[in-house]
Amino acid sequence: MRLRAGACAALASVLLATGCATPASQRTEVVVYAAASLNSVFTRLGTEFEASHPGLSVKFSFDGSATLLDQLSAGAPADVLATADEPTMAKAVTAHLIGGAPTVFATNVLTMIVPAGNPAGITGLDRSLEGRKLVVCADGVPCGSATRKLAGLLGVTLHPVSEETKVTDVRAKVETGQADAGIVYVTDARASGDAVESIPIAHADQARNDYLIAVPTSATQPVAAAQFIEFVTGSSGRTALADAGFGG
Amino acid sequence: MIRPALPRWVAVPAAAAAVFLAVPLLAMLVRVPWVRLPALLATPAALDALGLSLRTCVLTTAVSLVLGLPLALVLSRGRGRWASFGRILATVPMVLPPVVAGLALLVALGRRTWLGGTLASAGIDLAFTTAAVVVAQTFVAMPYLVVSVEGALRSARDRYDVVAATLGARPTTVLRRVTLPLVAPAIGSGAALSFARALGEFGATITFAGSLQGTTRTLPLEIYLQREVDTDTAIALSVVLVAIAALLVAATARLGRTGSVPS
Amino acid sequence: MSAVTVRACVAERGVDLALDLPEGTVSAIVGPNGAGKTTLLHLIAGLARPSAGTVAIGGREVAGPTRFDPPHRRHAVLLTQDTALFPHLDVLANVAFGPRAAGVAPAKARARALTELDAVGCAALASRHPHALSGGQAQRVALARALATDPAVVLLDEPLAGLDVAVAAEVRHSLGQRLRGRTAVLVTHEVLDIWTIADRVAVLEAGRVVETGSTSPLLARPTTAFLARLGGTNLLTGTASGHDSLELAPGVRLVGLADPDQPPNPGEPALAAVAPAALSLHLAAPGGSPRNVLAAVVTSIEPRGEVARVHLETAGQLLAADVTAQSVAELDLRPGLTVQAVAKATQVRVYGR
């Protein structure tokens, strides 16, 4: 990233010397490290943010929350960190990687999905799952922890055939029909479109996942970063997040 | 005879290459929480992953030998377009990106496919089973055995087979007592490479077999999971994987040195 | 009865061979490179498939229009210049390989192998690996290995080529000893092999058998240029003009001694054999009364140590003369020069076809 910035600066000086128009690289760039589940909604918000904030541009790096934390502690040049769960952000705070207090900007709840047409005749977290192939997230990753918590609340014991590291892997296995059912975030169910059908899980909101956003202490553009967070938590952000299925 | 010396400047890029290859592995060794290592590796999840990996890799190597050796034999005798085609076919899984291998298996053997459905109606349901792990590993690992043995068979001249036949040995006897023993080092190194490749198999397994402790979650999948949960455990397991891989490579190199004359 | 009968074509190699190999005899196969000698061995061993015709071993058809027995069912064992001893087996296991493949029990096979090794003087090498053998030892072990299978026919493809002279002599001795009384086919370029090992000779040229017969008469009275060269003699052809002379060309006569076993018939085609060493070269016809003076043109001069072989052309036929290097200098021999080649009549053998 730093190398690239240097190259851009060099390029900019060349362009200035030849008398070109103001290049994009003269804009202030906000680097946002965001959880993978935010990919589509943040990409959309980034475009809107750049349109309404002349002189600012946004660059994203999407990955699993834990991976983002690893990269941040290894010195990645992030101006904004957005995690898909609270514990990861708490770790960042404990490690003094975060300056101010993180803000909850969205929530996500779990739902059950089945392949289109529901070939296995699943009706919910009930006996219809017996002998069927249920795929969930592994305990330890945010959606897996939420799944375990929800199952505990409902007093059911799940017998999954696979515990995936990424929620997108759960989605893929249901979409392809390898699995008869899966437990994913509402936002994932929405992103899968017609490939899956959703079966809401009762009391899902009691095991909701909080999405937190904060400015790392190492941020080189803290002011612009604050502006981006303001935008995400503002009305434009709330609309886009709600469209994607996130809760407020 | 003294060979003319290499130009001195070669040492510079050579050293750079050596450093480039060694640094990531050394960095991992430095980063290993050595004190906690036994505890990290003794967890049920880690032990299950290690045990599953070793079991499936042994099975994969066995399947690769049973099916891959005959394929290598047939290909090594093959002439013309079909043989070239077969050779390419046997090599492609080696160079497939892991996820592509997984997708290919999924669209071939997935539950919603004709072949997968046929197998399922015959009572063979591969989805999310240890057998699926072996299938995924074999798909990417067997080519290493086939290519290694086929190459050795093709470069071995057929004079020994011819002489053995004129001495009255039936084709099976020739194969058992002459052809295969002569390429034994290549079979050994091919099997070791297959084992190593199977051990590192990740993409096809996670796409095709799933990830469940003790059933389908092999060492690489456990590392992938622990990377999201606990980096120290991930690194500890990685070191185990690196150690096994290094042992296998060393064994292969040894087989290579022994040459074609085991004494 | 013939032990091996070949009446077979291999179209793609341009070979059409008709040959009977008598039981219990060693037949030498000679001929220029590419004449089809190795193809003949391959036809018998089952390593080449006839495009037409048949091959029979011991009266049993092993290859024909509707039949092709693979090598392992033919009892025809092949020995080549590169011995192809199995590098992963020790000498004893190599020799025991054939009996083991035939189903003989391990102990019995090993005993048989030791007997065969002993017969070629290699029993002491039993526990060695092939890479620890000299070329001559390897060839003798290969012979033992071949004979341990009790083959119906032993096929030898230039087994002594590639061995140095002293070693070849030893192996030649072993071969002569161990092949005596067996049916064997020996492809060779060496006249010494033929004299010491073979009972019969077959000459192959351009994929055909052009001559067969017992060794001594064939070499004594060569009928083909190849046989003559092999026997180290010049072969001249012409028409018998008397009982001890022939006319090479109109007016060019050669007088010699008629071969009592095959005297020439006047007026019919006849042959004359004269050794290169029996010819002397002169710039002008010498005085006295030598009966054979042939005008010849030098085509090339080939140094051979103390002598030089001078290749000549006379009356459209090739002739070689061995003269001392000193003579070459004194006569100032060079290609294109016309000389007079003189041979005593007692050194010329004249015979009919």
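Order of writing sets the labels: A, B and C. Residues in every chain begin at 1.
Criterion: contacts are C-beta pairs under 8 Å (C-beta built on N, C-alpha and C of every residue); 3 or more make two chains touch, one makes a residue touch a chain.
As the structure is a computational prediction, the values presented were derived from the model and not from experiment.
Visitor: With centres defined from CA atoms, tell me which chain sits nearest the overall protein centre.
Guide: Taking the mean of C-alpha atoms per chain, the most central one is B.
Visitor: If you take the mean of the Cα atoms for each chain, which one ends up farthest from subunit A?
Guide: C
Visitor: Please compute the C-alpha centroid of subunit A, do the same for subunit C, then give the distance between them in whole Å.
Guide: 88
Visitor: Quick one: subunit B and subunit C, Cα centre-to-centre, how many Å?
Guide: One centre to the other, that is 55 Å.
Visitor: Which whole number of Å gives the spacing of the CA centres of subunit A and subunit B?
Guide: 36
Visitor: Considering only the defined contacts, which subunit B positions touch subunit C in the complex?
Guide: Of all residues in subunit B, those touching subunit C are 159-160, 162-171, 173-174, 177-178, 181-182, 184, 260-263.
Visitor: Please give the residue numbers of subunit A that touch subunit B in the complex, ascending.
Guide: Spelled out, the residues of subunit A in touch with subunit B are 64-67, 70, 133, 135, 138, 140-141, 160-165, 169, 172-173, 176-179.
Visitor: Once bound in the complex, which stretches of subunit C touch subunit B?
Guide: That would be residues 45-47, 70-72, 74-78, 80, 82, 84, 86-88, 97-98, 100-102, 129, 131, 145-146, 149, 155 of subunit C.
Visitor: Note which residues of subunit B are touching subunit A in the complex, please.
Guide: 106, 110-112, 127-128, 206-207, 210-213, 215-217, 221, 224-225, 227-231
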